[in-house]
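Take a look at the structures listed below.
Shared between the two complexes below is chain A, which has chain B as its partner in the first and chain C in the second.
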Partner chain A sequence: MSWPELPEVTHIIGREEIDLYAELSGDYNPLHMDAEFAAKTRFGTVIAHGPIGLQTVFEAVGSWLGDEAGGVRIDVLYRGPVRLGDAVTFLADSPQEHAGDLVFTARCVNQNGDEVLQALVVIPRHIAPRKD
Partner chain B sequence: MPLFSELRYESLAVGDRWGPFVDSLDREASDRLRGSLGNAVTGTVAPLGVLPLLTLRALRRALGGIVPGGVLIRQHFSLAESFPADAETETVVWVSAQQQRPSGFYTTFSFEIAHANRTKAAVEWMILAPPSDEGTANELA
Partner chain C sequence: MSWPELPEVTHIIGREEIDLYAELSGDYNPLHMDAEFAAKTRFGTVIAHGPIGLQTVFEAVGSWLGDEAGGVRIDVLYRGPVRLGDAVTFLADSPQEHAGDLVFTARCVNQNGDEVLQALVVIPRHIAPRKD
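For the complex of A and B:
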């Protein structure tokens, strides 16, 4: 049995995206919202809410699977901040079969190749699309 | 609700529990979390992107704002059953682990999200760590 790859997905993280996530979540932490405040932190610049970079993972998995995502598990290790203006790209290895699941080892990198997160995506084999 | 909570992670205890917090998703919000943020992609089922949103909202309500000094270092999502893009959800949150390490105090929050008739839809947990000098994680506050 062969399985299609998870798609590569890139999002550019701008002010608009951060403002929208603040509006949706109610999280107006100045680290995300205030350039002057953020400049004084160890990050030196505004950083995005954690789930904003993760959105590339969700789009890749969601577009690959369609609506039926029951049984999907995603484990995330945050490795670095996503800064205003970053281009975050989701990249996944070929799936490995394990105990009725497909397991994808994946990561997100910024435009400099710096890893911002690692993810293990586990999808029940019976809901995965087939290549042939 | 204030931006920052008056609580501190060290003042919480394993087993502390809050909720259920009722939240109403709407189609527009779900659509904006289906692809790249803000670019609406229509659909009838809630996308995976709503999961961290629902739990972040619930955590803020549970703690009365964001507890300062937490860095999100790890997060796990397990979707049991897809639910509608305009579902009414209930989220319960509790402190499931704490650990004092040489590098500081680590707290794990766990969440259960249910939808219609309290059907379990998803389980999530997140680990918050103290800020590190490397600045390699996503600081909540």
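For the complex of A and C:
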């Protein structure tokens, strides 16, 4: 018996996602909003708000768990910028049992394979899916 | 000398925030969207998507750090539901130095003082603000 696989999830980060997140967060930093401004920074192009890449993690974990996401711990390490137009893909390692919880590591990469985010996810045993 | 205080941040979670997050994430679960459906669940009312409460953490940490948010680690534990209309307030403890990093714990509470989220934030020393 083994745990069901975590899904692979890819989001393409377009202008619409960045605009929606700006409205949600109130963060209209020109680095995210203004291509001309962003071109002069060390990033060279518009970058997404940091939490946007996290959506892939939330989506993957949410679909793995169904409606039982309460009590989940997610530990995030931002590793590199997500640029406008990037495709961010969530890739998870197999869950392991640890101290009564399910634990897995995951990473988000862009279309060039560059790591943009690492995540450690801890799921209380009683809300985990059943083994196959 | 001491570290500048982390700001206290309060967000009121309205229908607009939930609709924006649904559009961003593609998560239109009726628990978030449909008051009649949500009334029949154990929550009794529409609840926000889990990551919405996290905005207070991102806003507080982002404003404390300015534009240097790369390399920050945020460890999140969801503790309870955020209901439509709730006011979510981010409250941080004082940063401590640990193994060359700055570390602080924080929690988000609703207007009744119920904890909805805990966060552990680790900030590499070289991107931290200066001590006063």
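Basically, the second predicted complex is superposed on the first by the 131 of 132 C-alpha atoms of A that agree within 3 Å, B and C clash if a C-alpha of one lies under 4 Å from a C-alpha of the other, contacts with A are read in each partner's own complex, and residues count from 1 in each chain.
The definition used in the following text is that contacts are C-beta pairs under 8 Å (C-beta built on N, C-alpha and C of every residue); 3 or more make two chains touch, one makes a residue touch a chain.
The shown structure was predicted, so the numbers you read here are calculated from the model rather than taken from an experiment.
By the touch criterion stated above, A:5 is placed in contact with neither chain B nor chain C.
When the two complexes are superposed, the chain touching more residues of chain A, out of chain B and chain C, is B. Contact with both chain B and chain C is seen for A:27 once the two complexes are overlaid on the shared chain.
With both structures placed on the common chain, the touch criterion links A:47 to chain B but leaves chain C unconnected. Once both structures are placed on chain A, chain A residues 17, 20-21, 24-27, 29, 31, 49-52, 54-55, 58-59, 62, 67, 69-81 are touched by chain B and, in the other complex, by chain C. Against chain A, the residues of chain C that register as touching in their complex are 17, 20-21, 23-27, 29, 31, 49-52, 54-55, 58-59, 62, 67, 69-81, 120.
Chain A contributes residues 11-12, 16-17, 20-21, 24-29, 31, 41-43, 47-52, 54-55, 58-59, 61-63, 67-82 to its touches with chain B in the complex.
For chain B in complex with chain A, the touching residues are 1, 3, 29, 32-38, 43-45, 47-49, 52-53, 56-57, 60, 66, 72-82, 131, 133, 135-141.
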